[in-house]
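Look at the two complexes coming up: chain A is in both, with chain B in one and chain C in the other.
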Partner chain A sequence: MAKRPTPTEFIVERDKDRCIACQVCVRMCSNDVHIYDADTNTVTSDNSKCVGCHFCETLCPTDAITIKKNESSFKPNANWSVSVISDITKQAETGGVILTGMGCDKPYTIYWDHILLNASQVTNPSIDPLREPMELRRYIGRKPDKIELDYNKKGKIELKTMLEKQLKLEVPIMFSAMSYGSVSLNTCISLAKASHELGIFYNTGEGGLHKSLYKYGKNTIIQIASGRFGVHPEYLRTGAAIEIKIGQGAKPGIGGHLPGEKVSKEVSEARMIPEGTDAISPAPHHDIYSIEDLRQLIHALKEATDYEKPVGVKIAAVHNVVPIASGVARAGADYIAIDGMRGGTGAAPKVIRDNVGIPIEFAIAAVDARLREEGIRTKVSLIAAGGFRSSGDVIKAIALGADAVYIATSALIALGCSQCQKCYTGKCNWGIATQDPYLTKRLNPEIGVQRLKNLIRAWSLEIKDMLGGMGINSIDSLCGNRTHLRGIGLSDRELEILGIKSAGEPQ
Partner chain B sequence: MKRIRIDEKYCMGCRLCEVHCIVQHSKTKNILKTYMGECSKPAPRIFVEEKGYVTFALQCRHCEDAPCLDACMTGAMYRDKETGAVLCSEDKCVGCWMCIMVCPFGVISRSSDKKIASKCDLCMGEDMPVCVKNCPNEALKYEDSKD
Partner chain C sequence: MNRNISKLQRIDARDLNYRELNRLIKDAANEGIKNIHLTNVNGQRYIGTGVNNAPKININGVPGNDLGAFMDGCSINVSGNGEDGIGNTMNSGRIVINGSAGDILGYSMRGGEIFVKGNVGYRVGIHMKSYKNMYPVIIIGGCARDFLGEYMAGGLLIVLGLNRKSKNPIVGSYCGTGMHGGKIFIRGNVEPWQLGKEVRVYEPNKNKDDFSLIEKYLRQYCELFSLDFDSIIKTNFTKLLPGSSRPYGKLYAY
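Here is the complex of A and B:
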């Protein structure tokens, strides 16, 4: 066999003075890195298989393992980096597309890190969230432009305006779409139960709904994607809202592919496809080729659910996101979810993940500005998604114009995910992105729910602190209030698109 | 009494419970010394069973109607009045292995160094048995149970 250099990414360093040969690592690594030798009662490793998920390191009872980056390297080269060389080598061997998981890891500018928040001093007192009430509740859905009143027969004033169906969020954060199939049922249960207890929503992705998840329907946004997997009347009726998925930030413009190995009996039931068959979602919806078509589907879904549920549309942040979002709003969507280029995925061609789309910061700012200009901002809610790492990112997104934020990667990290990007292999050691029954049980939903709740609670407390510092007592008053933001290290053009002033410029 | 409950749905089969059980019943209670320094390390008193992808850890159930208590001819096996745990007193045990034969769960074994029976003692003196405390997926719970 032809042999070419394929660099080993990680080195499993085992401290011989600490390793007690208990074999916990041997049993636990799904990539078979650790090897036990009974003759010598020692454990060795096959470094080439390690994906750097840190599961063994976390479990080793004597802290004998350290997973290190392989320093043996090719000659440093900004253009021909190690990852470029290994990708080319792999492709020369296989002739195939390079797959990856999770969001874009290229060092494009993260604009959140170039935006600063305001705080009150002297002239406008700040608020102490421990002493005064602080409102984080948000409503997602179409709002009336004005409120109409009328006299009723008895001559009393009565409200004439009817409010469209809204999603009530106790915190402006929701769990973004992750399908059962791409993630394990225990992951879905953790997300669903945590949403239920937090008063927020999670999203089924295009995986349909497992029978054990129906009871969380009130906190579920059900998705309809191009493959129409798992869509049936009961499914539509169960969700609190319906989301038509047009695109995803990690892979705009292409469809999805869940390999047959991941389509277990239960996944096949939830998706309503035969067991073991590949679940392929086409790139476009074959019944949506225009805004008019989208309008038809939105209204068909509303009709099918007696106008009782908001219907939203999820699109990827691409160059034309502004006119597209405006069209989606006019097509009658109750909310638009925009997924930026750093959004995660269970599997995507690496070249697409890393090169297609635009950052969510620009998309939110530009879409919010355009909808305001066109006078239709109240007709639709905006949900921002794609790589939100902290409460700081969340609050900046809201000040830029988002009504709420979708998080997924950070939720998975809370569950244990180490960002090894191997989700597409189905061998996730943390029991998240896998259907292997030996691995899925590693995520105990009881622990999962608690960790997700802790994360959202922590972010809520921080958001309250930041709001209080700005002298604001309700998240509503911050939405689209860009005067609270300043840019740092950005060009005039970038500031202009973000619609914010530079640090140092007063109001 | 408080018993250890096993949730086999979430047992990963890592066997850390066995490791920590061994350390807890060693002379030094120090993991490195137990495995590398002491001349004989104790046998685990918790056993991880495996079949296919199903794994679970089993230790003495501290049965209400414990057959080992009846089978023991020297009275070495006894029930602790305070906690209700079934314990073996080392100085009375003569190593006849009757208890091993009658235990329906197969969770009594021979001690690794002495000719006496070895079984789960719920880590007497600790707030919580070490297997429960160290299970990384909380598949073991220490809870009050009626029977």
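Here is the complex of A and C:
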């Protein structure tokens, strides 16, 4: 049989009249698409290698390049799409599992787009956020059921209840786990420094902590996953909180392999494994086979850090997320981060990313409702994650019951990411998902910090506007307040699980 | 000079829960006390976890799960048996168990030594790893159950099978599954059914480096438990190494 190459996804169109053969594209494309021919002094391209990241377009000084989707590679077919044919071809050639990067791109219903927010009219005046103070601050951690006050000797009122350690967030948004190794150090620095300046937190992922990041410890959630990479006493002491990673929305139930090529000298130091070796994270933590075992690890970490830090647990949104979350709360977690099926990843088997898990909208609504029913909602904070695209998604998640949200993909888009989904190749042209020094220097952390701060500032302003419109002046009052939400285009069953009424139904 | 250094502190663990007991241990260590003797220990967890200044901790009784979890530098001696999770993600130090121990001993440990006189349970030494001069070592005097050294990435695991009844296998099945670094030495022979797909069996004791590696730690072990090194080393050892440092490199289509 003649070998059929995998279909070409993109076509690089070069306007010959504009191209001055400056070769910027030749030098800059990490996928070696552009080729310079010195004899004819022309630049041509090998379309088959293009991943559609649009980096060359942004660099070309004469706007000569346009990247177009190759529409003609196969006859359009709703069932046997180009990506299906291309995956089968690749597997016929290699016998391997198809990898991908970033979050699920299948057109499953995005429930955020079927939920509408409320606003005040006449009976309950809206609040003008430009005039009135609006409170976006959140505290993450276990809350007491009641608070006891007492008079002290001087006759002043004092708090008698011992409060558990809390994370103080100036805005209910944090940067979700991205490990150094899956992303570049410049990406980590951007996230860490922006968190520090914004009064929020970023999460190390399971890659340990690079020495230059220790100074941002107060704004760092350190993660512990099944491989326990880079976990040592100083790491534990440095973070503001510790997160046990059980699962990830993009790949629930499976482990991860960081290939040796990405374990550079610096990555190896942070992970504390030899340079160039594969970093293999087993699917489960082999010391956690039950809720009881989870409880044991939570308390081992508390004991290791003298009960000074909240310990959270991150789980993927799967069918049984409700009882699992209830178990996690009872195991003593200070917060539960739930990652929905649209959450991103540096590398995951495509079949798992696209077929396993449930959307975060259902997970957060169902878990919040169950924890309230069981009377343990105050014992644990809920953090929602998995594909938050805008402040609208964020505020809806909070009204559905989240205390705060984790964002990662949108943070990377702010840093340049074009969603080409090729993170697993380590050739990210934007200097994000790569360890190649030639590529990583393309991301200037100073500019990165500014862009992340801008994004969070913009979303905060929008959230304040929406809150004010609802007549609420504190994000606290919106948490789990589903009366402010209405569904549109949803079945009764979906509305029931989301715990919201249909658009058109009054209070 | 710290006057506490030579001081010994005795702590009676009777009726103390683990948090109370561990607080007392941490306080003593923070004062610079180098010798801590615990009596009447009965299932209290996390002893040695988060303890500074690397004291010696002597335990009479049975410590609970996660003994020495995340431990850094302490030296723990248990007069009897231990439970599950001993030396979980341990960084450095030494744990000596004069009896037998349970499951998941040395999970993900990166440094230090765990010496067990008797048998151990399932999933022992999973994902041990070494880094630079940190080199974790586990020596088991008796036998180990299934999944020994699974996902092992570095360090040294030795199983001696002393006083073993011939019908009891020295290690269970799936030994070294997913192993991609480190070395396992098993005294005597192992059968193919006992081994994970990713390990390769090598002729024992052929190599002088192997012998000196075993000798370095086994002599200390024998001294601790008053065993005769020469008679133990006489029996051949089976050496298990990973077949590849990248067992899953060919799993994916790029």
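Quick note on the criterion: the second predicted complex is superposed on the first by the 493 of 507 C-alpha atoms of A that agree within 3 Å, B and C clash if a C-alpha of one lies under 4 Å from a C-alpha of the other, contacts with A are read in each partner's own complex, and residues count from 1 in each chain.
In this section, contacts are C-beta pairs under 8 Å (C-beta built on N, C-alpha and C of every residue); 3 or more make two chains touch, one makes a residue touch a chain.
Remember, it's a predicted structure, so these values are computed and weren't measured experimentally.
Engineer: Where does A:306 make contact in the superposed view: on chain B (first), on chain C (second), on both, or on neither?
Structural biologist: In the superposed model, A:306 contacts chain C only, not chain B.
Engineer: Go through the superposed model and pick first if A:18 touches only chain B, second if only chain C, both, or neither.
Structural biologist: The answer is first: A:18 touches chain B but not chain C.
Engineer: Chain A residues in contact: does chain B have more, or chain C?
Structural biologist: On the superposition, C touches more of the residues of chain A.
Engineer: Just checking: does A:151 make contact with chain B only, chain C only, both, or neither of them? Give me first, second, both or neither.
Structural biologist: neither
Engineer: Quick check for you: in the superposed arrangement, does A:96 touch first (chain B), second (chain C), both or neither?
Structural biologist: It touches chain C, and chain B stays clear.
Engineer: Note which residues of chain C are touching chain A in the complex, please.
Structural biologist: 18-19, 22, 26, 45-46, 49-50, 65-66, 69-70, 72, 85, 88-89, 91, 104, 107-108, 110, 123, 126-127, 129-131, 134, 147, 150-151, 153-154, 178, 180-181, 245-254
Engineer: Inside the complex, what are the residues of chain A that reach chain C?
Structural biologist: 90-91, 93-99, 226-228, 231-233, 236, 257, 259-260, 272-274, 277-278, 280, 282, 286-287, 296-297, 299-301, 303-306, 349, 424-425
Engineer: Which part of chain B faces chain A closely enough to touch in the complex?
Structural biologist: Residues in contact with chain A: 7, 9-16, 19-20, 31-32, 34-36, 53, 134, 136-139.
Engineer: Using the touch definition from the top, list the residues of chain A that touch chain B in their complex.
Structural biologist: Where chain A meets chain B, its residues are 18, 20-24, 27-28, 58-59, 61-62, 436-438, 441-442, 444, 446-447.
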